[in-house]
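See the structures that follow.
You will see two complexes here that share chain A, one where it goes with chain B and one where it goes with chain C.
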Partner chain A sequence: MIWHIVKKDFLLNIFSARFIIGVLLCIILIPFTISVSIDEYKNQLRIYAVDKENSEKELKQIKVYSGLKPELIKYPEPLGILYKGINQNVGNKVKIYLQEYPLFPTGHASTRDNPLLNAFFSLDFITVLSLVLSLLALVFSYDLITREHEEGTLRLIFSNYTGRIPFLIGKITGVLLSLLPILFFCFLLSTLFIVLSPDIKLQISDWIRVAILFIFSILYILVFILMGTIISAFVKSSSTAIVLSMLCWIWFVFLWPVSGSYLSKSIVKTDLYDNVRNSLDDLDKEYGKLEGEQWGAIQKRLNMRGTNWWNASGGEDGYFETYGSPSETMEFHRQLNTWKEPIRLSYADRKWPVQKAYLDGLIRQQKMEKNLSWFSPSEILVQAVSCLCRSSEKDFLRYMDETRQYRETLVTYLKDRNLFEKYIYFTPQDPATFVSTADFIKGNNNVPDHFNTLDLKEVPTFIDIPAAIDTSLKDSFTGIAALILISIILFSGSIIVFNRYQLR
Partner chain B sequence: MFSTLFIKEIQQLLYSFRFQLSLIIVLLVFTIGTIAFIRLYSEEKANYFVYHKEQLKNLEEQAKNASHLATLRKNYVLEPRSNSIISDCKEKMFPNQFIYSAYNVFNLEVRHDNVNPLLKPVQNLSWSFIVSVCMSFLALLFAFDTISGEKEDHTLALTLSNQISRGKILWAKYASILSVITATTVLGILISILIMSISGKILINTDFLIETGGFITITFLLIALVTVFGLLSSVFSRNSSVSLLISLCFWLFFAIIIPNTSVYWANKLFPIEHRNEVEAKIAQGYEDLCNNAPPGSWSSSGDPFYDRHKLRADLQMKLMDNEKKFNLSYINDMFHQFEETRSITLLSPIAQFDNLNEVNLGGGYRRLKENWNDLQNYQIQFLEWFKAFDAKDPKSPHWYNPNESYSTSWKSVSISEVPVYTEKIIPFSSRILQSGKYIALLLAYTAILFFISFVLFVKYDVR
Partner chain C sequence: MLQAIDLTKRYEDQELALDALNLEIKEGEIFFLLGANGAGKTTTINLFLNFIEPTGGKALINGIDVTKEPLESKKYVSYVSENVMLYGNFTARQNLDFFAKLGGKPNLSKEDYYMQMREVGLQEEAFEKKIKTFSKGMRQKVGLTIAIIKDAPNILLDEPTAGLDPKAAAELMQILVNLKRQGKSIFMCTHDIFRAKNIADRVGIMKEGRLVMVRTREEFLEDDLEKIYMNYMQEMVIEK
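After this line comes the complex of A and B, so read on.
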């Protein structure tokens, strides 16, 4: 009997105006959405290639270890085409400094070439899907019971040996099966666009993730079908049911997600980054004073009257390079580096709690947003999907943890080889060719202008390990569990309400 | 007869379940939005105060050497607007920081400092967001079955059996929905103002009340148009569920599809250079200028009159002009691309509503562009002032170097003498003038659609 109801509803639905309109909506929305996302992804790939080339070029030109500041360039996430998540808020470059732990990436990969265009929002595939499918699910299900009641067929059905629960299951399955072709069509259309784009290469594991996304979407549709069913069983007329369904839709899909996010910003306060920067700058100033004192102390120890340099250049994070300078100056810098680099590292350790407190504030605010989003099925879906598309805050924080661990590995490498105490840390010149101060003053410092760059083969390299499927599934488990739980509650509610439904 | 019908329709709407539920939702959203806004605005204002204090401290430090004051890059950050509860005009998404010195206005940037990157980028729950999403949707929800619903209930034929024209019926239904939705919005706004007044943290002055009046007018125009869409879909079909689907398609098309495709059109129809290409051109120009510079252009000394300082100043000026040429052209391209794309989105009444809000509040893109243009004028004044100050100093060789202080005055300067940039508020008269074309467009849209609805209703088969 269930099968008959399913078949009847399925056939009625797929030949209805709402089905045609639903398909038309998807035909208009999906290609535009995917095209914009693919364009943005290609732009990210282009920026990645430019940044990567610059970073490698810079690294190849290093002649002294004080200039070793690897810049890690994050490869754009291909699944970001389907859901951008927080990847759209953060940059793609992390430079490894000794004086500070990396906190947030920099760079323009996430922003458009024209930042003014950020005012035009562009939705991603999953957001469009969550909007359209929830709407269609409600439009298909709001009159599941009321229409039968209004047409007088409900009494006719129950005059046979049909139970209310099988009837309800049949009806819900019928709607679900009617929506599946639309969902499948949306996925097919988007994957077609992706496959036909030569720049996008998805791995097998990525396709598995897309398949899981499809399953999550079915669950999401089911939640809204059940919501429509319970409304349909709760009211007597279709006109009331549709109004109630539409109000639920606008509330759960538009109003609550914005309200929740806005409220979380207002409830949990975060420090202004300017203030954090000021605290870090104060520590830098404190260190600057110490360095000044040490500068004088070493000069005194070496009986230097002043410091003479020949060819010297400096830069960020303690980079200093010289050649042709007198041996006294070279020794001065060697001793200064031996003292200052461990101190700079300890200052980085002192800065980290300040940075961490700021980061914790941001995480607390994000958690509040997440907690408030439990009241909206579309937000729950988005959370689960963001983990699968590796664009969740967990993926981002994991990546930043990896960069900090890499910094530690790099520091250990430099420490283990006592590089801070060596001349190669700041001069490419062979110590045997250093000139005395007397010769330097006389101008006898015939130093070649060309030096070899450092061989960095042994320097640890950063390997970005994106979350594996099992990790992503684990991360998205709560979201999926919540959707299943909501479905069970709504289904039970539908049964209870429908069992009390007056057929007259 | 019209008034009888109008009153009957109003009563019917007020007693309906959809109105009661909608009212709860609207009031809830207005309340949440206002409470959250008060806290966020107070925080933003306090942060801006800290930033401003820090800027003054830096300026005082720089003023110890006039050349430092002229050459060091400063940033001007747009102050949070107290009227952003009405509409934030998407200012969070626009660049909000200008980098300038006495020699140049270098760039405009997005200042992320008080934005949590771990949060989803969503719009503020401002009045304009509530109206454009919630009220426009409710207007459609109230109007979609005005005619088709009555036909299904068989009450339409009964009404028409009286001596009343179809035009009057349509007009009465339209006016009643428009009145109820506008009244609900005004109620939400009043509650919002009440909460803000009680909090005492938001200044409610005459300007704010005038802007609120402007906003209500704009809201009325949007609701009028959206209601006509609902009416049109209602007379388009004999079945209320089909009317609803048509209404929803209208809404999705204007609220989602058109705005969502803007970036696509921007890139396809009005492409601009990539940022890294511009940066590469600047770098190439820099390299060429450095390679072709006369020997000694990088030399320096403690003596300001060291003759190579003139070469150095010339080179630095050329380097800045090189950067300025490419940057300015790129920024103008950005403005052009944005404006052209926005003209496409004017097809959507919601985009027109957003533009009208921008005009009414003097915010968003208009504010950004006004400030950008004003800063260019200010920079000329600032440089003139510096040159006049420098001319009085006999210890300065007056070789203007935009990046360094080797060859201009090192004298200290009183901060009160330095011209300060202040943002100009766009006058109301100018705002009204600018809003004319958008209002005309909305009215024309409404009139045409109402006329089509009327024609269709005249031909509507009530049986």
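After this line comes the complex of A and C, so read on.
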């Protein structure tokens, strides 16, 4: 019985004008968006290659450990082609400093060749899909019942041994089945584009993710079909139904997501980053004062008049390098480093709670936005998809955690080898060749001006471990559960509404 | 067999659309229900099909109470509606096929459908044409074919001759007579006194929800049915 209705609706739908329009819409939109995304991804790959090369080159040139500030470059996420998510908001570089924990990356995530074109509104596959599919689902289902009513077939059907619930199930399945070819076509098209791009390599697990995406999309379509069904069972005429459906579409797909992020910003206030930066700078200043005092103390202890430098250079985050300076100065710096690096690390630990509080504020805001998004199926889909495409805020936060952990290992490495207390921390010069102050004043500081770079083979390297598929699934679980729950609620609702439907 | 026992319907807070209808239509009987627009004819059919809930009384199809066992009762009734639209993008045959399957006849062949359509006088070339190209009368014939194919013991027809040309209407009457010979109970609402006179076994006149008169064939052939009808309608005009 159900099957006859499914078959009938499937046949009627796939030979309808709206089906052809749907397919045309996909033929136009999907190749366009996916090729734009692929193009952007290639760009990111190029940027990655350049950044990576620079960062490696920089590392290769360092001669003292105080200059060891590895810069981590994030490999662009290939699934970002399907859904950009957070990756388009955050940078791709994280520099590891001792005096501060990394909080946000710097650099560009996606730069177009021409910065003037940056304002270009680039969509991605999932965003387009969520727009098109919800629209099509509503366009196919708004007259699910009203049309049968208007053509008199509803009465004819129910003059037979047909229950209302089987009828409803049959109709809904019929629409779902007619939309599946369109959905499949969209995925096929984008897959083809990806497969045919030589630069893009997806792992098998990535393809599994794509397959799961497909299933998510089916669920998403179902939600909108059920929405159309309720509307169709609620009103008497197709014209009212289409107006209501379009209002729903605009509300759930455009208005709510936009107002959701606006609302979350006004409900949960966060500190301005400038304020956070100011408190961090205050701590830096406090440390600066301490260091100044320490200079005097060490000089006093060493009975020095002052420091004499030769070939000294310095930079950010305690980087200081010298050679040819008198042994007294060298000793001064050794003692200074011995004192200062642990203190700088402890200041980083003190700065972290401030940073963390700020980050927590941002996360709270994001959570609020996420909670508000439970009212919009398209937002739920996008959240679930972002986890699957490793483009969610969770993936980002995990990555930043990893970078902080890496900083920790790097610190442990330096500490374990007592490198802060060693000359090599600031001078490439062999201590045996240090000159005395007297010689130095005479100009007797005959030291080679070429030194070997550090052998960093044993320095721990950063390994980015992107979320495994089970983690991603776990992350997206609530979203999917929500879509299923909404489907169940809408389906029950449509049964209740349709059971009260007057057949006269 | 169709039975109405004190069948009553009141839409929301309006006046009674059907006032305690008592009626029985036996196997092999054709009953014509006459009445002005708004008299309550369609309401009666809706009640038999359980499309609306009765306010009181009950409707039985082959002894089955339609409100108690709505699904089961549908097995024993076919229905030809006032204005059969059907699925415009399906051909006549596809429409038949769909409704035959719903009606519990899953194993009919193309030839069976063709034969039935020929029977109701649909031209051969229309069989595989989309319904949206059909005239009202042609659609009506397909609707009738659907009812015939279901082969239920009771048939409810709501003004089936509206829109049919005289020849087609005459053919329909012949079909109804044939169905009656097969032992089916036929309940037809109509404004067509002429056809009623021709084939009805009994005729009822409904007025403002009340079945005000029932005459058997012998009775209404004695008096002029048209005159009787007009008399009843006149009263209504005078009352108002």
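FYI, the second predicted complex is superposed on the first by the 495 of 504 C-alpha atoms of A that agree within 3 Å, B and C clash if a C-alpha of one lies under 4 Å from a C-alpha of the other, contacts with A are read in each partner's own complex, and residues count from 1 in each chain.
One rule holds for everything that comes next: a residue touches a chain if its C-beta (ideal position, glycine included) is under 8 Å from a C-beta of that chain, and two chains touch if they have at least 3 such contacts.
If you're wondering where the values come from, they're calculated on a predicted model, not measured in any experiment.
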| query | Following superposition onto chain A, is the placement of chain B relative to chain C best described as a clash or a fit? | reply | fit
| query | Of the partners chain B and chain C, which touch A:Leu135 in the superposed model: first, second, both, neither? | reply | first
| message | Once both structures sit on chain A, report the angle chain B, chain A, chain C from C-alpha centres, rounded to the nearest 10 degrees. | response | 80
| query | In the superposed arrangement, which partner chain does A:Gly163 touch: chain B (first), chain C (second), both, or neither? | reply | second
| field | Larger contact residue set on chain A - chain B or chain C | value | B
| field | First, second, both or neither for A:Ile204, with chain B first and chain C second | value | neither
| said: Is A:Leu196 touching anything from chain B or chain C once the two structures are fitted on A? First, second, both or neither. | reply: neither
| request: State whether A:Ile465 touches chain B only (first), chain C only (second), both chains, or neither. | output: neither
| Regarding the shared-chain residue A:Ala432, is it in contact with chain B (first), chain C (second), both, or neither? | neither
| Can you give the closest approach of chain B to chain C, taken over C-alpha atoms and in whole Å, for the superposition? | 13
| remark: Overlap of chain B and chain C contacts on chain A, residues none
| Which positions of chain C touch chain A when the two form their complex? | 42, 46, 49, 51-52, 71-72, 74-75, 77-79, 81-90, 94, 98-99, 101-104, 143, 146, 150, 156
| said: Give the list of chain A residues in touch with chain B in this complex. | reply: 17-18, 21, 25, 28-29, 32-33, 35-36, 39-40, 43, 46-47, 50, 86, 88-90, 104, 108, 111-123, 128, 131-132, 135, 139, 143, 238-240, 242-244, 246-247, 250-251, 254-255, 257-259, 261-267, 269-270, 272-275, 278, 362-363, 365-366, 369, 382, 393, 396
| Which part of chain A faces chain C closely enough to touch in the complex? | 1, 4-5, 8, 11-12, 15-16, 150-153, 155-163, 502-504
| request: Please give the residue numbers of chain B that touch chain A in the complex, ascending. | output: 17-18, 21-22, 25, 29, 32-33, 35-37, 39-40, 43, 47, 50-51, 54, 90, 93-95, 110, 112-125, 129, 133-134, 137, 141, 145, 149, 240-242, 244-245, 248-249, 252, 256-257, 259-264, 266-267, 272-276, 333-335, 337-338, 341, 345, 364-365, 368
